[in-house]
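Next, two complexes with chain A in common: one pairs it with chain B, the other with chain C.
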Partner chain A sequence: MILGSLSVLILLSSFVLMANKHIKSYVKTFRAQSLLIACATGIMGVESLLKDSRVDVLVVCVLIIALKVIYIPKLLNKTHAHTHYKVEKDFILNIPLLVIICFALVVFSYFILSSLGESHVQLANSVSVIWIGLFFMISRRKAIGQIIGFLVIENGLFISALLITEGMPFIVDMGILVDLLTAAMIMGFMVNRIDEEFESVDTDRLNNLKG
Partner chain B sequence: MNTLSYILIQCGVILLTAPLVNGLIRKVKAWSQKRRGAPVWQMYADLYKLIRKGTVVSDVSSWVFKATPYLVFATALSAALLVPISIRIQPALLPGDFIMLVSILALGRFFLMTAALDTASTFGGMGSSREALISSLIEPSIMVSLITLALLSHTTSLSAMMGSMQLLRLPLIHPAFLAVFLAWMIILLAETARLPIDDPATHLELTMVHEAMLLEYSGRHLALMEYGAALKQLVLITLIVNLFFPHDQWIPMAGIAGIGLSITIYVFKVILFALLIGWIEVNTVKLKLFSIPNLAALAFILSFLGILQYLIVGGA
Partner chain C sequence: MGMLLLVLPLIAVILTFVLQDRRLQHAINVAVASGLLLAALFLTGEVITTGSVSYPYIRSFFYVDYLSILILDIIVVIGFLVAVYSIGYLEHELAASEITAGRIRVYYRLLNAFMFTMALTLTVRNIGLMWIAIEGTTLASVFLVGFHVKRNALEAAWKYVMICSVGIAIALLGIIFLHLSSLDVIMNGRFLDWTALYERAKQLHSPSLRLAFIFILIGFGTKAGLAPMHTWLPDAHSEAPSPISALLSGVLLNSAMYGIIRALAIVNRNLGDSTYTGGLLIGLGVLSIVTAAVFVLTQADYKRLLASSSIEHMGVIALALGFFTPAAVFAGLLHMLNHSLSKSMLFLASGNILQVFGTKQISRIHGALHVLPLSGTVFLLGLLAIAGAPPFSIFTSEVSVVTALFSTGRPLLGAIVILLLTFIFAGIAASLFKMFYGLPFEPSPPRGEPNLPGAVCLIILLIAITISGLYVPDVVVVLLNGAAEIITGSPIM
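Showing the complex of A and B:
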């Protein structure tokens, strides 16, 4: 029941992300979402500690707090402080429409997972987070929005995997987290360089490269 | 309990508590600005002062202008009768359900908007057009969230819904109720003209919504309008605290002592909730008018998430 409520809150935080347009609140919402995921992992970790005395899920929880709640948001804020724009202005559609399309994605994931029976509700919530992250990347034109979208997809994947497997093998979790950290660092660095070179991080300009 | 004593207790408590909520919210805001602020019973004194004063009515206005204050007050009070403050005092047969609640409130709002247009002042028209925008965006989420609760508790009557929520003990752990509760927080702020949507403390023409519609009123009429708004706010707060934080199941004794304790706990919950609203008001900034649809879309999605959880999980 508590995991179900947490998965609803995680889904809600991705909706809040979708309805936002300030880069600062993107980072804040991402931090809140990661904190919720850390809570869910912590609950699972305590359960697995009591049941089969495994500590690795709890270690992963601590790592999530260190990386996703503290370090990556700090990195993003640093990237954000260097770039020229603070508010996302041009979307592909207006925000209420984007939010409603996201909701259609949620209905879609409920529909495709409905054959799994009653236990799939939390799974459907977390799979929808993946879809919303994907759609977030599409709907934002600036590079920081796309980094956040990527991180949200990863959050969705992580919580889905956690809910299916009740804690993946430790080495897999570690691999994913380190991968994510490297990706966020490289993308932040790239955004800074692109902003310095071209004074814009609008990804639509990439279309000019087409022949 | 018989119907007459229900009406007396219900109306008495709601009428006495409603201005206190506003006073508490203002007090919290004053504290946040390091002021002492007006006493919490300031609104009672204001209402008393306004009721004794004469009214000024424009020559060009019609009967709608004069009838509206009474209608707004009467609709708010009859809405209050549909939402029992405690499950213990409700009569055997309480007519009306949530659809009636929403339509009674809509009736009051309709007259409020028409009266603001009636005097043909520019601010009034602007206020009503904004109110129409906000309410048309928020009302779908009210209906959908209440339908979710009705489906979960197999009844449309609000008091029966409260009864079935009590069986759950802590409804907020349930994902469907959590989503609907969060939707109701947005609905409450939008419906009572609170800060992210509308600033109740301002009379700046660019930002006001609810105040713009009251500009032409004075004296007794103004008192009724403000009292009506306070009553409506308390009705919505009552709905939230009694649906999502039910308390009657914790009270062991029956009879008069139980009723007294139940009402005391209810007033205590309302005070806590007023402090919470004050805290939210202190910590948010007013949204741009064109950003309100974003918030309303969130409220709508939340209430729909609730119904989706219900359809998948089934009854609670």
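Showing the complex of A and C:
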């Protein structure tokens, strides 16, 4: 029950993200979403501690708080503060249209999961988060916006895996977390390089290579 | 012994932090590559005698069978040749002040990390770990793609990391569904274990598996360069240093394809036939060949042209896997082997041409045979080979794939594929052959090979693809048969 409402809140937070206009608010929304995911993981962790006296899910929860709630948002804010070329308008379509497309994506997720037979409402919510993250990447031009989109995809994946069972095998969960966070760090590092070389973080400028 | 495959590259990574001397770095890298070669050779022997190898360490995560050892062998062989080639390549770059001595350490560190992730992909039992390793290959190679820190290299690296990470994330969704399909069947502790999934494939939940396969195909297909998710591939291959392009094309694409193959084996076993997966794979395969044909005809940059041809060959492999008869799968795997050898040879030769002429534009190069007698000849023969001319090995395997097409009763598709392959042949011939003849433009670059160790590698590869075009060694046939049997679940012939 609580997990069900958390999965709705997480979905809602990705709608909020889609409606955000400034890079600083992206980071804030991402932090809030990660916090919700940490809560869901924490609840699962306590349950598995009481039932099978396993602590691994709780360890993952602590890691999420340390990395996704604290470290990565800080890193992104720092990267943003470092970039020299800031232009405010970042999205390609107007916001109401973007939000309507997000609704369509949620319907799409329910549709593909309906083929599984049983009802998977929570799973459909978290799969929607993945599509919205993907769409967020496409709809934003600035490199930092795209990194946030990637991180939201990752959040969606994580919460899907969590809701299907008590997560994947522990080592797999850990590996995924480490891999994806390294990816985010590499991307953050590259934003600075792109900023220096291209005098912009607008990825529309990355258009020399064609064909 | 097999564990050396994972331990050696890690040791090499650590040593790049400790040691300063450039010559020592070269030596260690080649030593590690030869060690990998020996370990793989030993492991191949073990697999041929026992069928599969597993060690009890760390919950026996290590697992190698015919399918993985086949691709692993390709990796270590090309890895070794690239290691030897890199010495001459890096020394030349250093002499031309393209890079500083410190960058050589960075290069070797990343190269060995890259080799580690690829070896890990092929030696794990757990599909989740395999996913982690494949994502690791992207992370380890991003800065290799962007090694020449210039605008274009940076752009290529950014596209590479973004597109591949998102693709791989979608593959993870597929793996989550794979996990979902097995929840009632497999005991805790063996979750996502490929051997367990394969044994119990018939009991898995089919609708979840269907979804899982689509996502895995899209996800790993992005990494394997299948159209329409191929957009990162020409950029990354053309901007990366040439030895790295050889690894990306000859090795990395195979590792991603391996991920698809593992999922394919489970899904087809579960569904009982290959109609569903076949439709998807054949669709993507044909689309990739069409895309490559269009690219090849309009390309002005020879490294990008080679990259487009990789898209084509991945398409041919996907096509062969789509048919899923033992003969077709056998031909597809043989094609994978042949493509890797030919394409890495071409990229290595193109590295020499690029270093001497200093341009990637086809129209600005003339008289390559005059300036670089050896690399030029190898490049020319390699182009004939990759375009599918006899007596080279690509011809043999392409013919087997097309024969499989006709023998499964799809003559129309077979005809279309032949037509497209002809187009690509003509495209490669028309755009590239003018590079070789005549005299170079003034000022003419100095005659002679820039990279002697590399020249030896080129000759070895040329001999390999010529011989295997005429006759496939028995031991390779054993490996290919074993792998095809694992994939299709039925013995060949």
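Heads up, the rule we're going with is that the second predicted complex is superposed on the first by the 198 of 211 C-alpha atoms of A that agree within 3 Å, B and C clash if a C-alpha of one lies under 4 Å from a C-alpha of the other, contacts with A are read in each partner's own complex, and residues count from 1 in each chain.
Operating definition for what follows: contacts are C-beta pairs under 8 Å (C-beta built on N, C-alpha and C of every residue); 3 or more make two chains touch, one makes a residue touch a chain.
Not measured: the values here are computed from a predicted model.
Trainee: Sharing chain A, do chain B and chain C clash or fit in the superposition?
Mentor: Fit - chain B and chain C, as placed by superposing on chain A, sit side by side.
Trainee: With both complexes overlaid on chain A, does A:183 touch chain B (first), chain C (second), both or neither?
Mentor: It touches chain C, and chain B stays clear.
Trainee: Would you sort A:160 into first (chain B), second (chain C), both or neither based on which partner it touches?
Mentor: A:160 sits against chain C, while chain B stays out of touch.
Trainee: First (chain B), second (chain C), both or neither: which does A:111 touch?
Mentor: neither
Trainee: On chain A, which partner touches more residues: chain B or chain C?
Mentor: After superposing on chain A, more of chain A is contacted by C.
Trainee: If we overlay the two complexes on their shared chain A, which of chain B and chain C does A:134 touch? Say first, second, both or neither.
Mentor: Second partner only, chain C.
Trainee: Between chain B and chain C, what is the tightest CA to CA spacing in Å in the combined model?
Mentor: So the smallest C-alpha gap separating chain B from chain C comes to 19 Å.
Trainee: Is there a shared patch on chain A that both chain B and chain C touch, and which residues make it up?
Mentor: On chain A, no residue contacts both chain B in one structure and chain C in the other.
Trainee: Could you pull out which chain B residues touch chain A in their complex?
Mentor: Chain B residues touching chain A: 172-175, 178-179, 182, 293-298, 301-302, 304-305, 308-309, 312-314.
Trainee: Of all residues in chain A, which touch chain C in the complex?
Mentor: 112, 115-117, 127, 130, 134, 137, 143, 146, 150, 153-154, 157, 160-161, 164-165, 168-169, 171-172, 175-176, 179-180, 182-183, 186-187, 190, 193-194, 197-198, 203, 206-209, 211
Trainee: Which residues, counting only chain C, touch chain A once they are in their complex?
Mentor: Residues 126, 128-129, 131-132, 135-136, 138-139, 142-143, 146, 149-152, 154-159, 161-162, 165-166, 169-170, 172-173, 176, 179-180, 183, 191-192, 205, 207-208, 210-211, 234-235, 238-239, 295, 298-300, 304.
Trainee: So in the complex, the part of chain A that touches chain B is made up of which residues?
Mentor: 1-2, 4-5, 7-9, 11-12, 15-16, 19, 95-96, 99-100, 102-103, 106-107, 110, 114, 118, 120-121, 124
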